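Going by the order they are written in, the chains are A, B, C and D; count residues from 1 in each one.
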Amino acid sequence: MDKLSIGIIGAGRIGRLHAEHLTRNGRADIRTISDVYLTDELKEWAAGLGIPNVTDNYKDIIEDPDIDAVFICSSTNTHVPFITEAARAGKHIFCEKPISLDYRQTAAALEEVKSAGVVLQTGFNRRFDHNFKRVRELVKAGRIGEPHLIKITSRDPAPPNHEYIKVSGGLFMDMAIHDFDMARYLSGSEVTEVYAQGAVLVDPVIGELGDIDTAIISLKFANGALGVIDNSRKAVYGYDQRVEVFGSEGSVGVQNDHPNTAEISTANGVIRDNPKYFFLERYHDAYIEETRQFIDCILNGNPVPVDGNDAFQAEKIAYAAKVSLLEGRPVKLSEIEVGVG
Amino acid sequence: MDKLSIGIIGAGRIGRLHAEHLTRNGRADIRTISDVYLTDELKEWAAGLGIPNVTDNYKDIIEDPDIDAVFICSSTNTHVPFITEAARAGKHIFCEKPISLDYRQTAAALEEVKSAGVVLQTGFNRRFDHNFKRVRELVKAGRIGEPHLIKITSRDPAPPNHEYIKVSGGLFMDMAIHDFDMARYLSGSEVTEVYAQGAVLVDPVIGELGDIDTAIISLKFANGALGVIDNSRKAVYGYDQRVEVFGSEGSVGVQNDHPNTAEISTANGVIRDNPKYFFLERYHDAYIEETRQFIDCILNGNPVPVDGNDAFQAEKIAYAAKVSLLEGRPVKLSEIEVGVG
Amino acid sequence: MDKLSIGIIGAGRIGRLHAEHLTRNGRADIRTISDVYLTDELKEWAAGLGIPNVTDNYKDIIEDPDIDAVFICSSTNTHVPFITEAARAGKHIFCEKPISLDYRQTAAALEEVKSAGVVLQTGFNRRFDHNFKRVRELVKAGRIGEPHLIKITSRDPAPPNHEYIKVSGGLFMDMAIHDFDMARYLSGSEVTEVYAQGAVLVDPVIGELGDIDTAIISLKFANGALGVIDNSRKAVYGYDQRVEVFGSEGSVGVQNDHPNTAEISTANGVIRDNPKYFFLERYHDAYIEETRQFIDCILNGNPVPVDGNDAFQAEKIAYAAKVSLLEGRPVKLSEIEVGVG
Amino acid sequence: MDKLSIGIIGAGRIGRLHAEHLTRNGRADIRTISDVYLTDELKEWAAGLGIPNVTDNYKDIIEDPDIDAVFICSSTNTHVPFITEAARAGKHIFCEKPISLDYRQTAAALEEVKSAGVVLQTGFNRRFDHNFKRVRELVKAGRIGEPHLIKITSRDPAPPNHEYIKVSGGLFMDMAIHDFDMARYLSGSEVTEVYAQGAVLVDPVIGELGDIDTAIISLKFANGALGVIDNSRKAVYGYDQRVEVFGSEGSVGVQNDHPNTAEISTANGVIRDNPKYFFLERYHDAYIEETRQFIDCILNGNPVPVDGNDAFQAEKIAYAAKVSLLEGRPVKLSEIEVGVG
């Protein structure tokens, strides 16, 4: 196989993002894109990218024998059934995170993937970020010795709308899930305990919807390290994405990316432009790289960089964090019994 | 009164540090310094600074009617009796932190101070640091809106010796106590809950002595904010002292001080010298400023910048952290009943 | 016209770079690429990009009535004849810098462009860099008041090979030409005087070839500002591209771009990765943007962002710098009489 | 000799600065301070510092057999006669820069110093700055290989008053003189050629007084390196003092010192406080260190860190810069014949 023939399920923001990157990748052909809302605008957009088929029926993708791989970019509640169907149809799968809001269902879907022997990659795009990747490289290379502390700051520029919050699974599942993955990725170790503090400080409606908008999440890792994640749904200065790994021989940290390096010195102080605004700007290259590696996986047989277990583990941590918040106590991951078979 | 006549109890490292700064302060005269170990070296050092009296009996200070104020720089277990005696003798008091390892004894000593109507200042020198002071100013001025997250990194370059650890009260009391004070200072709010994670990752002997060397401490504040402190007894790159306060309208953070701003670019990367090595270098100016303000307090009737209650509150938090670590659960400060009368 | 039909003359590094970017631009079609060395490798590369025609005769481009615009990426000595022929054939022109080593010939070519009424854009890619563009914006917006000092640091990671130096026109023409353009761009003013100091400190062979490898070039501007450029052909830490504009109300400067923001703190100091290695990495996005704007110019009638006069002026400054170096004296631009008609 | 007995001639800003530092140095006693304006305020200030004698006659210092060393902090035009008299009286001398506005007179004064066999140190305080000292150390240690480019930025926050400019000798002599010294210090080489561009962009009255307020000064060094200094009399954001030395194996640069490291991120960008305002703040520690080393020189026989020749050479460069500016041409230092005997 020279080129991968791809179907994309879901033409929302993230589906279109992947589509645009895939059309610029010389080793991929998008054959079909499906969305339940089949608008003229969508057809036009698809035509502009040279995508030959647009449909409102995802089965046109699953059942197309000429399609090798499926990108599942539809709403979270569809991920498990679509993974199951795609796996049974022998398609390789790229699925956005989280796979589901219930880690047990995720486990079941991963069983299907395993049986089918197809590749599944999860959309933890931050692993492909130039900054975080460099931290991981340095940690892995032993440059900071044994990791002792893992610190993650992850703040959005503005909260999502209330409709989204109702169905998203809450801050731990829709936002911190990336940070749980990052904690495992950077430390190279599994999380064994979670203690989550939450607060509603940004928008009281978020609280009324049963969610929080501010959190500090303490972690323990199997290798003995400790960790902490801090989250906010609203950083007025923009997307705040920093990490630090401190160890026996040193520490490595990354700062935010800025759109430029200009510094203005005036009578009122030294000023620079805010960090890149949000994930589309900050993780632009990471999105491209994750699809490139997915294609590589399949065409060249490279190992999957972020597999189903990575999704499953992050979901379990999110679940434990929720329990911790509700019960006001640290929760051991071992309290949660189901594993991936 | 034009000049303050001062006696210093304890001529160890910190007692001598204060002595040296006080001799350069035009509004203070050190009349006597006492230490249980009255060596020739000490006498010589005192003579060099022009201190007229050196004694091995602290009572020579307490009972001297010509002495206005006492610096208590002796070992922690002597603080409460010396405060009590000094207060009863009508001396103003500067006492190193912590006042005691038992917040109830601290409360009792503070009652004595209150009855005597003397000034007591606690040695939380970091409040006088140029960086942290600036953060507090900006938070107080509302520049970041309402505080949502308070983050404190506090790591020593090397652990103290084992003898010290045996009597110090442990990491929470001998080291994090400064951070507990900083948490209250930066947030302008009281801590209401503590959850402490601890680990022995630096030196197993520290564990055998019943202490930890690595910690992540989650905090809740009365104003709704959340906080986190991370500690290590050994940062190989030097003293690491950073804070960040994130709020509804922005965030303010400080980085470490470095001995110079030189950056060397070579084929192997861009390199700069490590942060200032330890507290003597980093807080040099803060130590001078805290004694200057203590003198100001008494001579000019300024309010005490760090009073006995500040010591008491930090000790209560340290105690709660210890309980949290031992019992593996978040501990509310309200569980600890005794207050300062 | 919806899409621009493009021919590229010269399939060396820079010609291929433009080709790759143009194939990803939805508003351009590369119809033909020509190179005097028509290898199988070139044919394969062109096929991979979907370029239908490859030829060793540039006239196949000039004479093709279906081609709207020509990218001239061949060696400098061919620029003037190719511009002339392309202009006469009514093609719009994107020409790499410099247009020629003799500003009088450049002037003549620009007369042809003017007569033909076609668009000509010059390859001063740095004007499209995110950092420098931001500096220009801030200067133009008056954020630093009136410009007083313009400082440009421009150092290559390694010298070009000796063959290149023989024909390049020397450091002022092959390297500093970009800085001369930047000086005009950032200041918004013309250079009126140049004093160039040069030295051979990197490689004696460069001196034997009649060139220099290190330079400091002082400038005066028509608006009264002063400027300085420093150049080296060999910065062992990588490409060094920084500018600063200082004015009556403040100053704005940019630092280098780095591949990531990771900082490692170890016992040996704080280290970060070197700046992006060379122009391909550093100006990647700027190259894309300059071709995008060229297409916009023609399809939408936008003004040319870097026109022929910009090339001409930079070449005149380079010439004056050479005279200054040879004669050891400041040279006024007014000594050089020819202008663009 | 245990302690140095010192007389200070001139009780202006810089004389008082030295006095305050000397009173805190355990190895110095100020015996007398003289000033032509003998006010009550001066007497009070001196009493506060414990200086026993205040006089309006500098001869009370020169002729006092109990005084070992003289600090000459009076106006520039008195330096040469006071050095001469002090040297003849066998006093060691600390003299503020410049020694005179005429390098030939400086040479004559230095002859007197030589004959008398006394120590003379010049007030080039910046050599004792933590940043610049570190650059020099790194250059000297070969960390950047052979120096190729020396760059110095030196801008004052505000111009001096017009009266000062009338007698100061102009920008090159009153301000850039420090930078000329820094150029020699950092490069470890002598300046051989100067080309100075000047402009009046800050205040037209400065131009009417025959001076400039903005300059770019190109330098050549005996070791083949090139250099450039940029000056402005008015940087609205504060004192701007940066240097960079670029060499065959790397580069080392320093940024400004700031009063704190706080960075505020708001919706309007990331802001930090301006650099330390002016020389009193920025070079505070350097002033202390230069007097400490002067005392060391005499008491311990250490070599003089900045001697008379350093003053002489910087004055010659300033003179050459003035000639260059007036004649609009590069000036070789060899054109200036007189040397120090």
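Please note the rule applied: a contact is a pair of C-beta atoms (placed from the backbone, for glycine too) under 8 Å apart; a residue touches a chain by one contact, two chains touch by 3 or more.
What you are looking at is a predicted structure, and each value in this text was computed from that prediction instead of being measured.
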Of all other chains, the one whose Cα centre sits farthest from chain B: C
Computed distance of Cα centres, chain D from chain C, in Å: 42
Distance from chain D to chain A - Cα centre to Cα centre, in angstrom: 58
Inter-centroid spacing, chain C versus chain A (mean Cα positions, whole Å): 40
For chain A, residues contacting two or more additional chains: 235-237, 240, 249-251, 265-267, 273
Category of the chain touch graph - line, ring, star, complete, other: complete
Complex contact set, residues of chain B against chain A: 146, 148-149, 151, 155, 195, 197, 199, 201-202, 214-216, 218, 220, 224-228, 230, 232, 234-237, 240, 246, 248-251, 328-330
Chain B-touching residues of chain D, taken from the complex the two chains share: 24, 26, 48, 130-131, 133-135, 138, 143-144, 249-257, 259-267, 273
Footprint of chain A on chain D - complex, ascending: 235-237, 240, 265-275
